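Shared between the two complexes below is subunit A, which has subunit B as its partner in the first and subunit C in the second.
This part shows the complex of A and B:
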């Protein structure tokens, strides 16, 4: 191609490559090694314990709670953010044009720009049993019986966190889906409409199949993000009440930096790595299968 | 066929001859179509209100006193006194703000510089082992903070970079390089090699070519990749939580937690602090959202 030597080309990529290797890949491998040891921040001596941490982890009752919570978050997010987001994006595409469409898209997108600490703290106020606007709104429409301390009751705490995330991220996914919808040639809708297909039929016959690639990517992104769930939980409930909102991220964090069980935390991290790799492999198989479309 | 279609679209805006404006099949000629239209608009408007109201509540409560907030959460503030903002600013938000700005800008420059150079090597230079290197870098997309929190903490302590802004800059840069390279690379592949070759034949060095030809051509993707990055760095939480202990070094997302526990029930000042923390990104993204969304969608869709 160009006249550069191969060695000079390596120089161009070396800083980025070294940084990624040193601060991402080396820790990733180191983490696997650490998961076979026990040690604490104060006592740096490391004791090899073999698979003990793994046996303990698999019997850890919080792991089950965490997996359930992460999966619930993933399922709700895919249905609401990607599923409802696609409907919302088509409605925006079909009913709102020009400036109005841009305005609504910006409004829906807005919460995604805000730190999850900010939205988390904000929603602890929204959910507050005394001065929060959720209970106030329920009372205003006569649903007093539904009011409760949303984040303080184990039965509603996780749902409240998940609900907040839908508020925050649906508009973001919608904006990306809107781009995908707008790549569909208008002629396809015109032809379908001439053939007598109604809007709902057009949605399922044209919009859904032709945005399949973006939908698949965004579903995967959403599910991966569900595994990373951490910030909102730390801010809103810190895993409580009664450990009902523990997720994989909080288990890793609390074991390492609160309970000072570094090796055990590394074990939990390795389980997260295994789950993510499973997802990655599933995605590879999936994309290979559907590469034919478009 | 096109004529038939466009005559049924008299309501399309004349200045918007794009495909978008002509989408509306089945115009509201019938009653049921009109009902559908009203229902859709009600839904879209309700969504907008539902999204905006909590944010509006946050801003308007910052102007109220805490007593007013508890007495009547819905009421509008009686005055627009910025007192709570001043208190919030002085009680830590300013310091967190400065730290967030320093870390965000420092790492933005680094991630774009290293990312562009790397993408250039991957797409336009005669790089040995290009395929395995590409796979290695893109494989980094799967690594998340949860997987490496403990060893990164250890490593930063060992390197004396724990509790330093430099340490944060390096960790953020490394964590986001894969995605940044992924976005820039997808764009750079589409640039014709001839432009670069022509510049080299004209006697420019590789560095000059990169600086004068490649960077200007990549401007659109650098802007959107930069925006994606700024949004990440400003809001990043897990690494900052683990790697920053010194209160004077904390960024907004972690500093606000201290701020919250220090203020307890002073909701007015808390709301003001939240508003101040959220404001820069809201302003930036209202201004640049289109670029951001397109850039991200292009990166993901290709």
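This part shows the complex of A and C:
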């Protein structure tokens, strides 16, 4: 590229670059700066407190609960949405063809098109202890002992929220993985079956390695979504019962908008940022090393 | 080389994009009065549209720009506007420590002199007192609401029970109803957590003397040493076990209300501003519309607190002191609290106004609502919702405490200790 055309190109991307800088990186830096201050909205003065917010945050009992919940959500999501999604996609690719495949893909994809808030409200009914269909279903098959107030008991509330998200997003991830699988040349499977490899062997020897990049990106997206979890919790439990469903998003929100501790909330979100970035970088490095190309 | 046209195009695109986020900020010109409140729904909107139209008609050249957002988003919105000091001319404020923080920070115009005399005398004095901080009025109340137990009188008659006078009676009524096969004598959905706090507000007021409570609201002086607190949690736990919908913590408040409306539960802790929803024209089943009554939260004769007080609160508007239109804003609030607008509020929103005698100007007020208004007039003090009265972190702890007491998962003494720890951390 000549200097002139490079300069011209720069000029053309300048507006977008400026926007990204102004709307993303400047607030990000401001947020980090704010995390060293105490600031109440009623008091326009910001007081510098150094690392006090960080010390307090690391000792905050809610942070532990939140991290545990976010990590549980991330782990389950990666296993179910990406892991099970890959199996489902490969089954769809293999055994469902033509219209049936299109139909099934739409069926699986459908939950992802419903707004998260609507899903949250919908599942509050599913989990309703007296009128919910989950308890009714358990009773119908004689498992009365398993019925409970799913969202009201600290031991089951977070699990119930996680389960709902799997219902909503597995189909979406499956649809994306199906595209990746369909890009694999069929000759590879033909050659493998001539060599005597069964469907399971083919899955692990061909499908898994050749979709690794897509799987990696989807895992990254799933994990970072897990760390940004917020809507589902607010709609279904608001962090309760007994704070058992607090996640990073809800404690940041609560500190900023309920408790009026803007500086502390900024500290929490800086920690979330560090965590997400760390995970993202690690994941990208790991997959780059293991990349397989056709 | 980059031509001049390229430069121009790029700059224009950039400038246009950067200008986008800045538009839509609050209007600052002198002919627009900005109002922010928390009633976006149906009838409320109709009423506020009526208020706006009337005001604009009486003040030619003035436009009223009204924004309404629901409860929770409202808190967020007001927080952001406060932080950036771009509050509208007139904005809704909850009473209690929530509103007092705004008054203390100088974000509310002092309305003491403006209200003194005729204006103040025309509205309910407990409502005015609820919006008073250090002797100064910081907001004008417009409507008010009290918590009452509502009862399905047909179900009461069917099971041969009477309206309970004391808390003990209420528990006995619950037992009788349960024995007769009513699974949930009191419909309760505590999933959003405030319903539990509304019970606690009443119980704490009856069990803890006012001076102790006032001291404990302020984290720097709080001790939570009075045994009444533990008793309040114990009472709530008892009521939950003997009367509430099972697993109340997992049920939404709407489902609980539906259980009352469908005659599954004969009782519910409701609010006088909800009474209109028990009318047939507002969708209530005829069985309920024809046979319901209300009673104040039952008495606890040996409680150390105030047995006569009522849980409830007014709703009011504050004026931004930095506004260039303070006089106009005062006119606006004066108009909302005029007898004709108060009557319109009762008629259009079915919402009790704070204006004394507003109900006399409306033809067919629900008889129950008329009696509730009479009762409200006789009350000397409101117990403001605990989650609005306490500091935010402690308020959060009260919400959790309600759930713990209802689930029976923690002893009353430990729940008090949890509260104290959170409050002490704020010293």
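Just so it is clear, the second predicted complex is superposed on the first by the 276 of 294 C-alpha atoms of A that agree within 3 Å, B and C clash if a C-alpha of one lies under 4 Å from a C-alpha of the other, contacts with A are read in each partner's own complex, and residues count from 1 in each chain.
Keep this in mind: contacts are C-beta pairs under 8 Å (C-beta built on N, C-alpha and C of every residue); 3 or more make two chains touch, one makes a residue touch a chain.
Small disclaimer: the values here were computed from a predicted structure and weren't measured.
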Of subunit B and subunit C, which one touches more residues of subunit A? B
Is A:262 contacted by the first partner subunit B, the second partner subunit C, both or neither? both
By the touch definition at the top of the document, which applies to A:23: first (subunit B), second (subunit C), both, or neither? both
After the superposition on A, what does A:131 contact: first (subunit B), second (subunit C), both or neither? both
Counting only touches as set out at the top, which of subunit B and subunit C does A:8 meet: first, second, both, neither? both
Between subunit B (first) and subunit C (second), which does A:186 come into contact with in this model arrangement: first, second, both, or neither? first
Once the shared chain is lined up, is A:150 touching subunit B (first), subunit C (second), both, or neither of them? second
Taking the superposition on A as described, I'd like to know which of subunit B and subunit C A:79 touches: first, second, both or neither. neither
Please indicate which partner A:285 is in contact with in the superposed arrangement: first for subunit B, second for subunit C, both, or neither. neither
For A:71 in the superposed arrangement: first (subunit B), second (subunit C), both or neither? neither
In the superposed view, which residues of subunit A touch subunit B and also subunit C? 4, 8, 12, 15, 19, 22-23, 130-131, 256-257, 262
Could you please specify the touching residues of subunit B with respect to subunit A in the complex? 1-2, 4-5, 12-13, 16, 19-26, 36-37, 40-41, 43-44, 47-48, 50-55, 57-58, 61, 69-70, 73-74, 114-115, 117-118, 120-122, 124-128, 133, 136-137, 140, 142-155, 170-171, 173-175, 177-178, 181, 193, 196-197, 200, 206, 231, 234-235, 237-238, 241-242, 252-254, 256-257, 260, 267, 270-271, 274, 277-278, 281-282, 284-286, 289-290, 293-294, 296-297, 300-301
Subunit C - residues contacting subunit A, complex: 1-2, 6-7, 10, 13-14, 17-18, 21, 75-76, 79, 82-83, 85, 101-102, 104-105, 107, 191-193, 245-252, 255, 392-393, 395-396, 399-400, 403-404, 407, 409
Considering only the defined contacts, which subunit A positions touch subunit B in the complex? 1-6, 8-10, 12-13, 15-17, 19-28, 30-31, 34, 88, 91-98, 101-102, 104-111, 113-118, 121-123, 125-126, 130-133, 136, 167, 171, 175-176, 178-180, 182-183, 185-186, 189-194, 198-199, 202, 213-214, 217-218, 221, 224, 227-228, 230-231, 234-235, 248-249, 252-253, 256-257, 262, 265-266, 269-270, 272-273, 276-277, 280
Residue numbers on subunit A that touch subunit C, as the complex places them: 4, 7-8, 11-12, 14-15, 18-19, 22-23, 41-44, 124, 127-131, 148-154, 237-238, 240-243, 254, 256-260, 262
